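Structures given as structure tokens follow.
One chain, chain A, appears in both complexes that follow, with chain B as partner in the first and chain C in the second.
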Partner chain A sequence: MNEVLQVKSLTKRVKQKVILQDVNLSVSEGEILGLIGPNGAGKTTLLKIVSGVVRASSGSVWFDKSAGIGIVPEQAALLGDMDALQNLRMLSSIRGKIGTSEIKQTLKRVGLDPDNKKAVRNYSLGMKQRLMLAQAIMEHPKLLLLDEPTNALDPLGIIDLRMLLSELAQAGTGIIIASHLLNEIERMCDRVAIISGGKILRQVNLRSTEQTPIEVTVSTAYDWDILKRWAESVHVELQKLTPNKGLPRGILKTKMAVSQVISELQSAGIAIESISHVGPNLEAVFLEYAQLEGGVYR
Partner chain B sequence: MLAEMIKFEISRLLKRRTLLFWGIVLLIALFTGIIEYLGMGTPKRTVFDAFSFSTSSIMPLLLAPMAGFFTGGALVEDSRSGLLSLIFSKGVSAFEYVTSKAVTSALSQMCFIGITLVVFFVALLPFFPMGSIYIGAQHYSEAFAYNEPVAYCFLIALLFITAAVAFNGIALLTSVWVKNTFVVMAAPTLLYMGLIYVMSMDATKVSLIDPYANLALIDVYIPVSILHMVCYWAVIALITHVLAIAAFSFKKDYM
Partner chain C sequence: MIRLWWNETLRLVWCKRFLAVFPAFALATLLALADLLPLVRAYGVQMNVWDGVFGTMAHWLYFRFIILLVFVFLTADTLVQDISSNWSWLVLPRTNSRMRWWTAKVLSLFSAALVYFIIGFLIVFAISATQLPYAPNFSEYATQGSSFNAGVGTLKFPEGANPFVLSAKMILYSAFSSAVFMMIPVTISIIVRQGYVALLIPFTWIFLSNFWQTNKFIFSIDLIPRLFYGSYFSSFSSRVIDLSTSLVYLALVGIVFYFAGGYMIKRTDF
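Showing the complex of A and B:
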């Protein structure tokens, strides 16, 4: 598949501080790439360099400039005195690629009324975010950059966003999403880059077809202790996850079938709440790197 | 894409309601100058006399702050609000963006001051007769004002317009580096006052920094005509705008 973005050996220094260090990244047509990392990891700076508002100290960024890029910045950037349609008309006048009818269609697509004459400054945060999405996609860019796109969106808005991004990806748009919300990233993205301290620590393919690990939730801390001992005894790696509704939870990295694991755990007297194959677990991967990087989770 | 950006900026400018507000403020200020004029004993009051007196009293005080208000926040606000990243995402370069800002803000200053002065002049017509400007008429600039009042008033209007554009350039140049909106807004005024103060230390150079017609009219030792002053401010305007464009174009970061 053709790449719509190539980032090579990108480094950004501000005075002596290294913000990004030797970042290499690419996004293909129709691919959704998630950028996750702690605050100050360099996610937003990376998006700003790609969008051109921050210059890299070294390295290169390539994308098809004629196709343009769509951006949803972390903060809604709008002309507050104007209504939604006027805002988009103004912005679209720069490239002159689309007309009013296409703008109205885009507004409808993101769930906004094109005939609403209310000034944008009176919009709710969620409506502003939808409008930002509309301005980003209205000219059908090949590359879309979204910085915390679920900010201020209500649950319905998040579902709409997920569906919209999926449609755009199917139409060939390459998308980068920077977010703190692991669940959302996991649901929306095909691939995830974990970024910390300005470095890409690891890229995880969330749509991998390889055999997947097993997530198991047990009833009590006592069951968890037995599970740990069992895992050690059969030389299976067990990675602890954050508890689910207070129930201990973890990932077993094994090629055993789920039925076999259930049978063995039951034999060991462990009370299982739930067990299933999972894809590459983003939380597990993230926590693994968070620990390596001195994160708060221990 | 520069032409499209200039159109974009002009559209934004026309949507600004503050233009009308500041126009009214300026007109009110000019009419306070007329009240002061009426309190003075003049041989014969004429529309040109009233216009030149009032504008020369009021405009030097307001040109710099007005430029600060209009242009000071232009770059800073776009950068802070994130609008700049949207504009850049449309394929607009930093040079195109800042050039469109420079062109439109300079044009807006010219139009704003020019239109306000014309409105002010027209508003004076029903109240004062046409006629010469009554100064001593002994020296060149005074004689010029006496004999050619229309040309004289046109020149001082041109002087104010040029000075306004120069202050606009100073505000734009400051906003390339300074991110505090209030500091940027105050910069032209502070710089102007500072320069006036510095130049006032040397009596022979005071006239060179003060562009205003009133000084030229009363100080026979000033070695420059009003047209010289117009050119002088035009050069400042050109330099500050070019510097602002160059500085912004070569900036590393815009956020």
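Showing the complex of A and C:
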């Protein structure tokens, strides 16, 4: 897939303090990348450098400027005395790419009433956050940067956001989300970069189909024997786990999708009690790396 | 660029804070009329609406301590607000040029000042017209000078001067001079990211200038006396400063701060 963002050897120093150090990152079309890290790790600075409001000390940032960039800052940056439509009209007029009807459509898409004449200063935090999202996506950017986007959103708002981001990603938008909420990152993102002390410590692929372990529990010892034979026949490693409530259980290390494994096991006549992917545990990975860096999570 | 300029102007004038233009000019007019009307009533001095207009907007006291101070309050922290509210984070990536943004910002000071003085003029004219009769020309009090040292009495306008033309010149000049003056704190605020500093610099300057205006040399180099149009019709200041040198002086200050600001804005982090 084409990359919509490339960050190479990015370093940011303020006086003697290193804010970001040799950061390398890329985002592909339709990919959602999560940025997680403790406070002061450099997440917002990285987003600001990518969007051009903070200058890098060295290194490079590439993205297609003609395709634009959408930004949702952590704190709503709006003109309080104007209504939602006026705010978006002002911002869209800078590039002049879209008209009022598209702005209204975008407002509807994020769940706001385009005909609401209420001044934005009287909006709830959740409504302000939806409006911030609207200004970020209204010009159909190929790259979207979101800094703590779930802040102030109620559970319904978070679900809407998740669905919207998924739609945008399917349409080819590359998205970076900086957040503290590991659960949300895990649910929304394809890949996660753990950042601490200005360095990217590790990138975890959350949607990898390569050797993704599948945990399977079968009904009887007989089923387990058939499972073992099936695994040998298809050259899949099977690791036995402690039985769960007496039910035989194991991990299959395979590239196959869960649906395919289910279909094959059923064809082999194996009675399955439960089956699921065992993805990387983001919280465990994050804590491990945060501790390595001597972070506040130790 | 024009859209950006329009946006920045709207940002300055389309807000609740800008409503301060109404009480500011109304207060200045009422104070000026409080000086003038007793002369009409007690001594029968013939005055007209233009005495009220120029006695308010061209008078150093009301201009400096009400009209200019309120304009400072309206515009000084424009850049600091953009940065602290993250608005600049939404605007800058859309412009793709920091210099274009800075140019729009500077131009918006001029256009906002023009709006401010046009609205101000209308307020002053309307209030004055309720107390003084309308006339197409300046009154004798305004052109002949007077022993009554109040309002327009401290100034002397050329005989036969058209008050409409002079009003237009006054509005344009006041807008230009005030915007140039405000470029100084706004430029400084690129480095000092505190709204109160951007406010304090012009506030302090305006007050201090009042104390050192008796010194002829300081008066001649100080920017403040050159900001209000009435200076060129005052018996004291017109001997020290004149309109043409002030225009050059203000233009130079504007150019210097435009380029200094542009240099800083290219190198700053938002």
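Keep in mind that, in the parts below, the second predicted complex is superposed on the first by the 227 of 298 C-alpha atoms of A that agree within 3 Å, B and C clash if a C-alpha of one lies under 4 Å from a C-alpha of the other, contacts with A are read in each partner's own complex, and residues count from 1 in each chain.
By definition in this document, a residue touches a chain if its C-beta (ideal position, glycine included) is under 8 Å from a C-beta of that chain, and two chains touch if they have at least 3 such contacts.
Treat the numbers as computed from the prediction; the structure is a model and nothing was measured.
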*Could you classify chain B and chain C on chain A, in the superposed arrangement, as clash or fit?*
clash
*Name the contact category of A:159: first (chain B only), second (chain C only), both, or neither.*
neither
*Is A:221 in contact with chain B, with chain C, with both, or with neither (first, second, both, neither)?*
neither
*Between chain B (first) and chain C (second), which, if any, makes contact with A:125: first, second, both or neither?*
neither
*Which partner does A:55 reach: the first (chain B), the second (chain C), both, or neither?*
both
*Of the two partner chains, chain B (first) and chain C (second), which one does A:257 touch, if any: first, second, both, or neither?*
neither
_Residues of chain A that lie at the interface with chain B and also at the interface with chain C_ = 14, 48, 51-55, 65, 68-69, 71, 73-79, 81-82, 90-91, 93-96, 135
*Taking the complex as given, what residues does chain A use to touch chain B?*
14, 48, 51-55, 65-66, 68-71, 73-79, 81-82, 90-91, 93-96, 135-136, 139, 141, 145
*asked:* So in the complex, the part of chain C that touches chain A is made up of which residues?
replied: 3-4, 6-7, 10-11, 14-16, 85-96, 267, 269-270
*Using the touch rule from the top, collect the residues of chain A that touch chain C in their complex.*
14, 48, 51-55, 65, 68-69, 71, 73-82, 90-91, 93-96, 135
*Across the complex, what residues on chain B touch chain A?*
1, 4-5, 7-8, 11-12, 15-17, 79, 81-92, 252-255
